[in-house]
Each structure stands twice: as C-alpha cells, then as structure tokens.
Amino acid sequence: MIAIDQKGYYGEFGGAFIPEMLYPNIEELREQYLAIMADDSFEKEFRQLLKDYVGRPSPLYLAERLSEHYQAYIYLKREDLNHTGAHKINNTVGQILMAERLGKKRIIAETGAGQHGVATATVCALKGIECIVYMGEIDIQRQAPNVARMKMLGAEVRPATSGSKTLKDATNEAIRDWINNPEDTHYIIGSVVGPHPYPDMVARFQSVISEEMLWQLKEHTGKEDPDVIIACVGGGSNAAGAYYHYLNKDQVRLVAVEAAGHGIHSGESAATSVLGTKGIIHGSRTLLMQTPDGQIVEPYSISAGLDYPGIGPMHAHLIASGRAEAVSITDDEALASAYFVSKKEGIIPALETAHAFSALDKIEYDSSDVIVVNLSGRGDKDLATFIKHYDRFHK
Amino acid sequence: MIAIDQKGYYGEFGGAFIPEMLYPNIEELREQYLAIMADDSFEKEFRQLLKDYVGRPSPLYLAERLSEHYQAYIYLKREDLNHTGAHKINNTVGQILMAERLGKKRIIAETGAGQHGVATATVCALKGIECIVYMGEIDIQRQAPNVARMKMLGAEVRPATSGSKTLKDATNEAIRDWINNPEDTHYIIGSVVGPHPYPDMVARFQSVISEEMLWQLKEHTGKEDPDVIIACVGGGSNAAGAYYHYLNKDQVRLVAVEAAGHGIHSGESAATSVLGTKGIIHGSRTLLMQTPDGQIVEPYSISAGLDYPGIGPMHAHLIASGRAEAVSITDDEALASAYFVSKKEGIIPALETAHAFSALDKIEYDSSDVIVVNLSGRGDKDLATFIKHYDRFHK
Amino acid sequence: MSRIKKLFQEKKEDILNIYFTAGFPQLDSTEAVILSLEKAGADLIEVGMPYSDPLADGPTIQQSGQVALSNGMTLDILFSQIESTRQKTEIPLVLMGYFNQVMQYGEQQFFDRCREVGIDGLILPDLPIYEYETFYQDMIEQAGLDISFLITPQTSEERILKIDELTRGFLYMVSNSSITGAKKGISDKQVAYFNRINDMQLKNPRLIGFGISDNETFSTACQYANGAIIGSAYINTLKDSKDIRETTLEFVKMVRGESVKV
Amino acid sequence: MSRIKKLFQEKKEDILNIYFTAGFPQLDSTEAVILSLEKAGADLIEVGMPYSDPLADGPTIQQSGQVALSNGMTLDILFSQIESTRQKTEIPLVLMGYFNQVMQYGEQQFFDRCREVGIDGLILPDLPIYEYETFYQDMIEQAGLDISFLITPQTSEERILKIDELTRGFLYMVSNSSITGAKKGISDKQVAYFNRINDMQLKNPRLIGFGISDNETFSTACQYANGAIIGSAYINTLKDSKDIRETTLEFVKMVRGESVKV
C-alpha cells in the first residue's frame, strides 16, 4: 500500500524539517488542508475553475504516428492544453483557494522553468492577490518568455543569485521570504517537495490527472488501466498526478524520467535516482544529490524544470521500494525527442516533457501495451533553446 | 436571413474572382466541400480530433473580476486554450482532412500573426504532409515565436517581401504558389476570406465555437442566447465562428472589432468598416481599403492578425446590412486592454483579442446583459510587443 | 470589324503580342513603347494597367507595376496617354488589368472610356466567366470591345468550348499552369496540350502566353498556335534600357529571329 | 555539570553569545576567532558549520558559509580544529548547523564526535521537536550534549512550554520572525513579546537572537532576557578584518558599550 502516514512519511521519506519560525504556518496548513479540501464549497469552486478556467478535462490523445513508430498504443495526457500550458496550474488553483480560506493576503512561490511561477501569478491575478516569485538568475535567462508572462500578470519576479542560481536556490529564497513573513503569506510550492503537508497536498491537487485517465482510458480502450505510465520528474508533481490513482494497482508500471544532463556521471547531471542519497532538502527527508559531508550538489540539466538536486519523498519511496522504474535522459536525448515529437505529432513539448518521451526509447514493452505519456507542458517557453540547437540535430 | 447563396454570395459580397489557372482547384473544392463535410467518416474524424487533439470543447468562462468591473455578465469563450493557442486550428484540422480526401500532397498557407501558420504546420505534421507557409517579412519579425514554432513543426516559412510585407502580401504569394502548383497542392486559407467556397467552408469549420456556446450558455445562464457577442475581425474567422449559430437570431447583438492602428484617420489603420469601400481582394468581392483608382491601400495595425485591408464577405454583408456593429480600436487601446485583462483575470490575450476586449469600453449595454467575448487566442506570441510598451502604460 | 479581328483575319501565324506595363519605366513612356513596338514589328500590344496586388503576375511584372504606380500612373492618365497615342497608330491595343480597377472606375464608365480612347480588347484575368456572363457581357459587347479569356492545361474540354464561345478576339492560351515569368522553355507535356487544343477546332484564334521569352520559345509556340505573347522578358529588357526605341527594335528582332542581340 | 549550565548558573545577565562561521574568513581562523572572542569577553560561542543551503540564515551568514566551503572546510576538519582549540579554553561552545549535515555524518557518530572534541551544545534549526523527541533525544542526552530550541513570536504558549521542557542549556528566543541579519532595532511589539515570555517563568535561561548588532540592541535585549546572540554583525566585521584579535576585541567592546569604535 503506497500512502502517506500521519506525520507525512512515505515509508522513510518525508516529514517536515523546518525551522521553528515556519512551524505555525506549516502546522496550520497540516491541520486544515484535508478538511478544507473536503469542504463542499472548496470542492465546488476548485472543480469549476478546473473546468472553465483551466480547461479540464485535458484530453487523452491516441498519438497514431508515435504509436506506429514505437509499435505500441501511445496515449498522450494533454496537460500542455491547460491554461498557462502545463500541469502546474492544477496545483496553483487548489492552493490559491486554500490560501484564501486561510485568510492569507500575499503569495510567494519559487519557479524553475517558470511554469509554476506563471501558474501562480495567474491565479493571484484571478484573485487579486499580491504575488512574488523567486527564480534563479540562470532560469530567468533561459526561460525569458515566462518571465515576461509573470510581469504581464502583475507578479514581481525576484532573482535568486546564490548557489547554482536555479530552482534549488529560488526555493531557498522563497523559504527565507516565508520565514520573514510568517503571518500574512502563503507559500505556493510548485511540486511534491517541501515539508509535510506540501507533498501530499500538491499530489492531491494534481491527482485530477489520473482521475481523468481512469475514465478516459476506459472510453478509449475499454479498461481503466494502462500498462505503463511515463512522466518526467523534477520535483515530481506531474508524475505524482499521473500515478496517483494507480499507485496501488501494481499491474500498472510507473516510469519516472529524470534529467541526466550531459550524462549521469559527467558531473553535470540531475539524475537523483542514481546519484542521490538519503538526506534532507527543503524540509523533507528524501533522495538528493549531495557530498559525503551533506553539502547539496549543484545539479545541471538543460531543462530548468528538472534542474533540481532532489525529488519529492513520494518518488524517493516509489523508487527505493521498486514500485517505480527510474530512467535517466541526457540533454541531447531530450532535444532529439522534442524535435521528433514536434514533427510526428504536431505537438511541441516542453523540454521537461521531452525527457519523458525519450523514455520510449529506453524501456521495454510489448506491442499490445497501452502506454500513457504524461504530456506535462508545451514547449513555447523553450523555443529559444530548441532553435539554438536545431542545426545540430538536422544535418 | 443571413446565408450564403449558390454562387458564394452573402448579399452582394463574395463570389470567386480568380484567374482561370485556379479554376479547377476552386471548382473541385466548391463541388465537393459540402458532401465531404457531410460524410460520416469525415465528421467522425473531425470531431475526434477537435476533442482529443485540439482539446474541445473550449470552456465558456464567467470572468468575475471583469464582470464586476464592467457591471455586466462577461463570459469568455476560451479559444486560447485550443492546441496551438487560438481558434485557427479548428479550421486547419478541417481543411487538412479535406485535403486528404481530395488527394492533395502538399499544403500551402498564408499567415499574419503566425497562428494560422502554426496551426497549419501542426496539422501537416500530424498527417505527415509537406507544408509551406508564406508570411510577410514584417510579421516574421514581430511574431518571432511563431516562426520558431513552424520550424519545429517541420514547415518551411517563406517571406513575402512585396507591398507592406504583411498578411495581404503573404496571401498574394500563397495564391501565386497555388497558381504554380495547381494539381497536388491544397491552399489552407486561414480566415473567412478568399474566393468561394473558402469563406463558407472556413466559417463552417469555425462554427463549432458558437455551437458550443449554445449549450454552454444554457448550462451557465439557463438560456442559449447571450445579449452581445464580441469578436475581433482580421479576415473574420473567429468572429464568423462565434456568430455562426446566432446569425439569424436578431435578438443577439453581434459586435465586430477591427484595428484602428494609430487612429482611424491617421493614415495608419486597418479599420476596414469605416475606411473600406466595395471592391475585390483575394478573389472575393467585399469591403476593402483602396484608393479611388482601386489600388489596395497598405494597412497598419500593431496586431499582425488584424493588419489586413479587407474583411471576409460575410462580415461585409453583416456590417453593410446593419446586422453587426463595427467598433474600431487603436493600438494603444488594445495594449491597455491586454495589460488590464492579464492582471484582472490571469489571462494574457493575443493582441488581436485585446482589440475585442477594448470594445467593452465602447459599446452600450445593460447591467443585466450577458456578453460573450470570443477569446480568440493567447498572447504568448505577443510578449515582446507587450514588454516593449509596458512602461508606457505603467507609470 | 475590330482591329483585333482584322489582324487575325489578315495574319494567321507568327503573331507577336507584346505586353508592357503602362507607366514603366517612366510615367510617360507609354506612347514611346507602343510606337516602338509597332515599328519593331509587333502585331498586337497588351497594355498592362499597373496594380498594387497583381495576383496572377510574377515578380518582374509586379515590380514594373510598383514602379509605374510610384511614377504616378493612374487609369485617367493611362486613358489620355492611349487617346493621344491612338492618333498615331492603328495597332490593336488590348488592356490588361485586374477587375477591382474596373469596378472602382465604374464598370460602364470604364468600358465606355476604353472604347473612346481606342482600346480594342480586354484581358481581365480575375474576372471569371460566370461573373462576365451574368453581369458584364452585354456592357462590354455594347461598348464594342473584344475580350480574351484564358485557358490552361487544366481546363476541361467542356469549359474550353464555353470559354471559346464567350471569347471575342483571341484565346489566351496559358502555356503551363504557372504565373508569368515563372518557367522557361516548352516541354513535351505542353506540346501534347497544344496539340489537344489544336484538334478541338475552336472558333477563336489562339495566342500562347507564359514562358515565352526568346526566338526558340516563340517559334515553338507559333508551331502550335497563331502566335504568342511575351511579357516579363520584354519588361526585363526595358528595365535596363537607355533608348526605348532601340531596345524594342532589338528585342523584337531577337524574338523574330531576324538578328541576334549582342 | 555542562559548561553551558555552569555559565548560566554563575551569570544571570548580560550574557553575550557570538556566532561565527567556521572556516571564515580563512580555513584555519577557527581557533583564533574562538580565543579572541573569549579574550574579548564573550560568554558563549556559537560555531557555525558552513552549509550549502542555509535556509534559516540571511545573506551575510550564507556568504560566509560559501567562503568557508570554498576554503575547504569539512566537518572532520572542523572537529579537529575544535579538538585542539579546546585544549586552550573552557568557554562553552555550541555547534550550529543543518540537520542534513548531521545525517550524512551519521547521527550517532556526529554526537559522539561532538562530545569527544569538547562541544557543549547544539543548535539545529531545522530539526523539529517531533523528530528530536522521536529519534534523537536519547542519543543526544547520552552523548551529554545540551540542545537549544528556538521560540518565536508566533510560538504558542503550549508549544513554548513543550520546547522549554525539551531544551537543555538555554532557549534561543528569536526576536522577531525573520531570518538572521534581516532587521534592525527592537520594536514595541517585540518588547511585548519579551515580556510575555518573561512572565511564563520558564525553566531555561533565554538568549535573544536575530537583529542584535550593537550596544543599543544588545542592552535592550539584556533587559528582557539573560543575554543575547549576535551573528551577522560580527561576520560583517570579520570580513574586512586585518587582525582577527583586534577586530574581535573592538567589536565586543562596542557591543558591551565599553568603548565606541572609531
């Protein structure tokens, strides 16, 4: 049985390793999140916004040309069609409603690829709430369109200039902001990471993905279960959402795809499942990339959303327990998949999602298998990167 | 009764003023399009792709903060949530299936904002068909993200370097290409313009917009009819789609919003309803901006998708007959609306669509009125323009 | 009898029809071009009304039109140029342009003025025969103007017969389905098409246009029709011309094969 | 009795606890800093273990940690530096760091080694009391180490009592809910909070930390608690120091109000 316990542990992973300054915030959330989510008015508003504002259900699309190429039934769960272009908004819609009910007046968030920052800025605009987004300086450069979008939406983007100047550091800065503003501020974490109850709360908001997959697969194939679900894992929120209702169905294989950067052992990688060891990052006991002395290692991936040295505790548990298979994909493999999928299906995936597609080249499957790839986001934000590397892949 | 006649006329507008070289293509299409569209297998494939690939139905969203601001019930028809980010794909999905059934092996298209080019490149990738998109040199510059997307999708973008180097000239080039390649090529026109049967065919493919509005409004408000429908008009395809099922319901006001550029009478404008006179453009008798000598005037708008000297013959008829009200919106009014809507609703509209929003400041309505704004596309492609002018609007 | 009909009655082969854009290279070169063409031995002249958006023309003709328009050419200027030139020549003149120009001038007015200034026929490539028959045939006939329609390799036999019936003066036989100035030479496929049309025994004489640029293509075309039409190749020559008269003389000689240009 | 307990038994007020980052400004400045602080009159020293991702610290301490890490500081080096410094001083030493560092060293090993080298107490800001009680309390007690937990203006009364119960040595009273080095001065609101805690009659002595930087803030803090903790202000001084001993002497004098730095 894969489940989270009372204290926020999936097996030995999870918990809430937070400074006392954050205790009231986290405790308030921990005590209330399940009750608030179970409340009828919350549920109603959440579902209505998912439908009318986000555009859910996101389609489940049988990709015929990919299916032919890979000789299997490849379905794409189209989170790229959500408002703002990725799965991230499922969670931010939920959390802004949560923040409203907790009486918060100010929202902070961290972002890597900028999708979570945009999704947060979006729901803050929707509700007229102040929004500050922390983003690594390097990510600000490589995901410029999303920075522009946040500005349009009225959010303030604050650069994180320490460490690797990427997602990890943006998260540090967001936590520091929260410590400094413990009373009126809600921190909308963008993935299934952070102290309990965040991993569980975010997974629940994202679980709408697999909730829809159940009936959509039934409609398409006659049965609820696919043979394989593939999702990329930065922190792991899109994967958590895609796996959620299948976690305890052992017949469904779960494939978690992480970024191997220039190669797993190149020293420039974010392949946490291989390189990670148990430790604490951002308030959670999980797998992370660190030195023997416990210093967190700066990760690398071409994909800002996967460029993170840890994974959510649920995924640490799924991988450690053997429930999920981890696959590591290099920058170039992901780029090749992005070009390939764009031309085969007319869908330009996000760089993060391109890693998930690459797993189709790595895993074993039968020609009768139904494989769902969670298409976590669209690639508009990555066009500059795609164009930069285009010629190298098109001789 | 608003309807097209046998020869492709809406009242005195329409027809097919084409050189003989195009006659076989246009005639083949004219003879077959209705039968093909009525065919079960076509209908089934079209509907399936709209659902699973495009992500239809697009939501009808009650914009609460806009409603409060404008003191009316403002609903947004969310064509921005379609795959590729605008209404254009409804038409290209239909036309690629049409081209397939006509046995065509090569697709050409013109594009202004690049949305139609992207939508065409997308369906060509989906079907594995060669795709060439003509685009004005100026539009290639101001809509760079869409140029990159077309490249990713495997299409060739050919610059139109004559005239104003915008949509009109791209259309000329596409027609020339078609004249040169009359046998294997289908020309996917991107709006309700061009010779009969294009205006009617494109309107029919886009009519899914108002088809959904009927039941969505019923669900939201208890009745099928809104009081007002607002849509921007470049060639007029999103407007045609949003009006279609309401054309003969005179109780529903139709508002057509065109681009006034630097001001209707500034000499830099695309306000065809005011400045246009009857004439022929791109094979259709309609309203267009021209000199007394019949030379077509180069239009101007900040919005590439509205920067066109004509309007589709349906709209010429709707306006000339008084069925639709025309509203002209300047660049700066549209920009102000883009900033306003982004911050009020968390939705960044396309520059084209921003013109439609501006009409809310211009028309009369009651506080009990249900107003649908057709949110024809998202603004990702326009971020550079928005950021360039941002400071001027945020003192 | 119209000048065009007369021409085709008197001459059955090797008819050379040359197109030029009015107002190009200079606003007032119209007369010089027409008189030089006549002098050089053209049989028929197609006067292009420059247009902002000439859909059915290639880049050469487009650009010449742009130049003409920026030189200030208008229909009124053109008509008076023709009117005065007509005093000096009896060569058949065909006006070629886009139908929007006709509409804006006022259809009836346009046709009347054509007649008045001495235009003999019209080529309006984007006026389809359906519109022609329904709205304009009577007006044009009453104005006493001839009109040429196009046929292409894709035109069906049935439709060719219809077009032949409506045409007065000569048929414009598009050599291959492509816009002016686009391709070079004449292929076997085209020859088959020419023969097919030949065998149809149409009532109108036929001129082959598109892709005719020199003596070789002109001579080949003349084997299969009453003559041919040259456009872009002549415009290109005019573009670099120092002396319209001389350039035109050399060009027509070259096309006729009477001398080779050095 | 531990050195910390002894200190608080002997001295009830004006206790000065100074934090520094081990390995900053130089890898081997640890001993000089400790001995200088003692000499200058600090009562207690908090030795910071530099960390890559110090969530609860402000930019000054973060940056000093980065410098220390690039100087090559590791836990093993730090422990041996302490071990040899401990031969020369009896001042109470509290180790401050993040729990991941403890985990990677091995919890039991870490606590044992602390004891061995002469560390007296621990501050582990991201080790919550639930985890402490459940997993580590016994180990730490058996190693004979004191441990300080934090309380903040937001901490509930019930929880303060619980924290007071678990704390051994002294309570770390966060002056306002913000990270180190973030704010300046002490407000009325804070005074109310200090008074509220004072009235609770807790078993542990209390030191006020965060925002203490000079004589004014130190004196105010000392009115409401047994003393105060200074971190960022001292690090900032060290950063520009030519002579650790002299800088430290002047800094402590300044804080104690014994002389004003020029």
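Read from first to last, the chains carry the letters A, B, C and D; within each, the first residue is number 1.
As a convention for this text, a contact is a pair of C-beta atoms (placed from the backbone, for glycine too) under 8 Å apart; a residue touches a chain by one contact, two chains touch by 3 or more.
Treat the numbers as computed from the prediction; the structure is a model and nothing was measured.
K.L.:
If you take the mean of the Cα atoms for each chain, which one ends up farthest from subunit A?
P.N.:
C
K.L.:
Per the centroid of Cα atoms for each chain, what is the distance between subunit C and subunit D, given in Å?
P.N.:
The mean C-alpha positions of subunit C and subunit D differ by 97 Å.
K.L.:
Quick one: subunit A and subunit C, Cα centre-to-centre, how many Å?
P.N.:
66
K.L.:
Just how far, in Å, is the C-alpha centre of subunit B from the one of subunit A?
P.N.:
Computed from C-alpha means, the inter-chain centre distance equals 35 Å.
K.L.:
Once you've mapped the touching chain pairs, tell me: line, ring, star, complete or other?
P.N.:
line
K.L.:
Every touching chain pair, please?
P.N.:
Listed by label, chains in contact pair as A-B, A-D, B-C.
K.L.:
So in the complex, which bits of subunit B are touching subunit A?
P.N.:
The touching residues are 51-53, 55, 58-62, 65, 78, 80-83, 85, 121-126, 128, 145, 148-149, 151-154, 338-339, 342-348, 379-380, 383-384, 386-387, 390.
K.L.:
Write out the stretch or stretches of subunit B touching subunit C in their complex.
P.N.:
7, 15-21, 23-24, 162-163, 168, 172, 175-176, 179-180, 182-183, 277-283, 290-296
K.L.:
For subunit D, which residues are in contact with subunit A within the complex?
P.N.:
51-53, 55-56, 58-59, 62, 66, 69, 74-75, 98-105, 125-128, 130-131, 149-152, 154-156, 159, 163, 174, 177-179, 182
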